[in-house]
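The letters A, B, C, D, E, F, G, H, I and J name the chains in turn, as written, and every chain counts its residues from 1.
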Amino acid sequence: MLFHVRMDVRLPPDLAPAERAEIVAREREYSQRLQRAGTWPHLWRIAGQYANFSIFDVESNEELHNALSGLPLFPYLDLHVTPLATHPSDVNAPLRGSG
Amino acid sequence: MLFHVRMDVRLPPDLAPAERAEIVAREREYSQRLQRAGTWPHLWRIAGQYANFSIFDVESNEELHNALSGLPLFPYLDLHVTPLATHPSDVNAPLRGSG
Amino acid sequence: MLFHVRMDVRLPPDLAPAERAEIVAREREYSQRLQRAGTWPHLWRIAGQYANFSIFDVESNEELHNALSGLPLFPYLDLHVTPLATHPSDVNAPLRGSG
Amino acid sequence: MLFHVRMDVRLPPDLAPAERAEIVAREREYSQRLQRAGTWPHLWRIAGQYANFSIFDVESNEELHNALSGLPLFPYLDLHVTPLATHPSDVNAPLRGSG
Amino acid sequence: MLFHVRMDVRLPPDLAPAERAEIVAREREYSQRLQRAGTWPHLWRIAGQYANFSIFDVESNEELHNALSGLPLFPYLDLHVTPLATHPSDVNAPLRGSG
Amino acid sequence: MLFHVRMDVRLPPDLAPAERAEIVAREREYSQRLQRAGTWPHLWRIAGQYANFSIFDVESNEELHNALSGLPLFPYLDLHVTPLATHPSDVNAPLRGSG
Amino acid sequence: MLFHVRMDVRLPPDLAPAERAEIVAREREYSQRLQRAGTWPHLWRIAGQYANFSIFDVESNEELHNALSGLPLFPYLDLHVTPLATHPSDVNAPLRGSG
Amino acid sequence: MLFHVRMDVRLPPDLAPAERAEIVAREREYSQRLQRAGTWPHLWRIAGQYANFSIFDVESNEELHNALSGLPLFPYLDLHVTPLATHPSDVNAPLRGSG
Amino acid sequence: MLFHVRMDVRLPPDLAPAERAEIVAREREYSQRLQRAGTWPHLWRIAGQYANFSIFDVESNEELHNALSGLPLFPYLDLHVTPLATHPSDVNAPLRGSG
Amino acid sequence: MLFHVRMDVRLPPDLAPAERAEIVAREREYSQRLQRAGTWPHLWRIAGQYANFSIFDVESNEELHNALSGLPLFPYLDLHVTPLATHPSDVNAPLRGSG
């Protein structure tokens, strides 16, 4: 089940560089673990912004919330979640693509 | 080069059913042609709305504009385009994924 | 799996009364069928508005989209969907309520 | 008498962890006391956000304001209150459900 | 129990004058009946707008919704309702005014 | 001459409790003096918010600005002022109520 | 007593040219009568928009509302009114300019 | 050439009183110099807000930007600039007033 | 003197094709005449939208308003104008580029 | 390939003057290097604001993001990017200008 998530990072500009590097490194590791597990199949940088569009693939809203609230950067994120469904014109949709 | 596009369809509720069916059918055919050509690699319905999130893969802004303005539903669409770049944590990014 | 939905009805004031009565009656029947099936466990009128807050209980985003896009009033609705998760302080939550 | 409340928590990220833990614990206790008393019959986490949708059941606006302004997190909350009424299609509504 | 209501009237400029006069007259009569009954204790025109601020005094959200949805202009109104409580500095508040 | 004013209080959560108590006490005293003088005939708490709706009765915009900018909490307030006029359906309006 | 007013004209593009010319001519005459009477001391076009900023000088909110609601274009206007007071740095202010 | 400017002052409430008094005094002196030079012909306080509407009369956008960015309060201001043109109904407009 | 203008075209989808073609052709001719005269030095399509960003080079706000309000599409445009000044880092600015 | 970028600078007013001067000097040098390389062909100050409109000319979204995220002021910027395409009425467009 897919969800579209926009994440805007609001790290304070005066955060100590070491603290900043440490939290960003943990975020990267966490993100890559979920990507490799198939939970986070797409991750794109929004050009010109410290922000991304992501696609999550989870079993439930519960799993989605756990994945997102576990992000090391979570206290600094503005998150907006949109549930996705199959589009009737999607050529790759399981049952409908031949349309 | 990837672009994120949100499309909200504003078909007037009182459109004649035949006209509506005809334009929706043309939209579907147009969309599937671009999907098969690789120009429109992702297309998701936003749950509960007559709207979608799409990813386009084009050579230039010019090609993107031509693809979008050629949509049969274009006069009825609210479109919002966001240019995408590689995310430094993306495990599938060409040169950086091993990070 | 629960979703919070806000629905604002935008019926044109000059809709013919018979047409209006017919579509509202079909909406009511559709809504009550889903309520009785357990798919639509809560439905509240927003005081002073032709709008409601609803809770849906579905297996997937797919099922949610089908339920919402099947509403007889769907062409006249502004819908906003928010996925819900268990709150850690909810006394009725399956595994956590004793906290 | 039911009210719909959205609560967004704005705890500063640099709050001392002990102070944060203490206030969150008090909030939890306060919330669960009101839930058990029937004043706060529903409480849902908004997936991906430090926010919730709640339903309150009170005798008056006065009681509602006292319940909300007494929340230990009140100084850190953005609150939005919406009064609710019975929906004419609600199958569980006292006098109308047979419709 | 008091509620603050903002009403913006959106009558289409091309409404037939007779129809307009008739609905406005019915609105006036309805409004004055509720004012005389004590349900609608304050009604002010917003200077320069076809809009008003009103205070309603009702027993419940249910009664408020019935009063508002019965307005002859209801299909043409944008309504926004805000529940009110006693202000701790109000010199006329029943139990607190001596403060 | 009546004005409608919405006041949202933005006191920083980390204000020292003694300083907070002192400024709130001065605000209360100032407010009650204006209420008793007839300048501030209505004052309502917005349920669930540190905010109020107020009605001021003054001779001029000048007097209104002096009353508002003299509020002890003024540096912490978001204020929005709306001039009011007699509503043609107001049963208590001096010359029109018999309508 | 001064008020700042923004007026945005929303004449439908398909209004019959004769009807449009007639209402615009009446608006012009009405406006110039108030300008000559001193009620409407400033009137500026917003560059590139069918809109203006105006200053009104009236005795009361009542007089302001009558002046605005009498505009021939009133049913087609979005109006926003802001009450003005003397600025303490205004060199032309009656009692303060020497500061 | 006239420009309409709205200025909202965002001085932090915890600014040291001496520093605040000094910057406000410099702002006043700067403003009055431009008023006397004819560059700043109108300056009005917005009732109930630490904000003003101003009219500037300059030779060019360049001169306008220099005047505004030289304001002692500039780092604390939200500024919004709107270019103005002669209104065709303005009775004082050089060539059109006889209309 | 430069101005930045955003233009969003709101042609009704049901406009007769001949009328649409005629007005768009007149708009094109008008635009190209101003471009060749140096009044409209830049004109860019916003990708995916029936909208453009434009730069105008005029002697005054008056000339700008005349240029814009003379656009054949003017009744169907949402226009937003922003005055521009020389940027201190602009390498092509007349007096400052060597900086 | 052209992109329109709006940049709003949010430097905290209490930044140490030396630090402020240093970062602004680096921003200027960085900007002028990109201007001279042809990557940043236009840069305009928005009159009355610490903000600019810019045009970037790059080979890809990737190059755009690198150029923008490398700005010394990047942590203090609100950036909004809009992809541009050739306008069909542009007299300077490569293939269409003769139109």
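Rule of thumb we're sticking to: a contact is a pair of C-beta atoms (placed from the backbone, for glycine too) under 8 Å apart; a residue touches a chain by one contact, two chains touch by 3 or more.
Values in this document were obtained by computation on a predicted structure and should not be read as measured data.
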Both chain B and chain F are touched by which chains?
none
Quick check on the interfaces: C-E is repeated by which of D-F, F-G or H-I, going by over half of contact pairs matching?
D-F
Distance between chain centroids, defined by C-alpha means - chain C, chain H (Å):
50
Indicate the whole-number Å distance between the mean C-alpha point of chain F and the mean C-alpha point of chain H.
28
Could you grab the centroid distance between chain C and chain I? Build each centroid from C-alpha atoms only and quote it in angstrom.
45
Chain B: positions in contact with at least two other chains
2, 45, 47-48, 61, 64-65, 81-86
Looking at the whole structure, which two-chain pairs count as touching?
A-B, A-C, A-D, A-J, B-C, B-I, B-J, C-D, C-E, D-E, D-F, E-F, E-G, F-G, F-H, G-H, G-I, H-I, H-J, I-J
Going by the contact rule at the top, pick out the chain G residues touching chain E in the complex.
5, 12, 61, 64-65, 68-69, 75-76, 79-81
Please give the residue numbers of chain C that touch chain D in the complex, ascending.
2, 4, 27-28, 31-32, 35-36, 42-48, 52-53, 82-92, 99
Quick check on the complex: what are the chain F residues that touch chain G?
1-3, 60-62, 64-65, 81-86
Which of the residues in chain A end up touching chain J in this complex?
11, 13, 45, 47-50
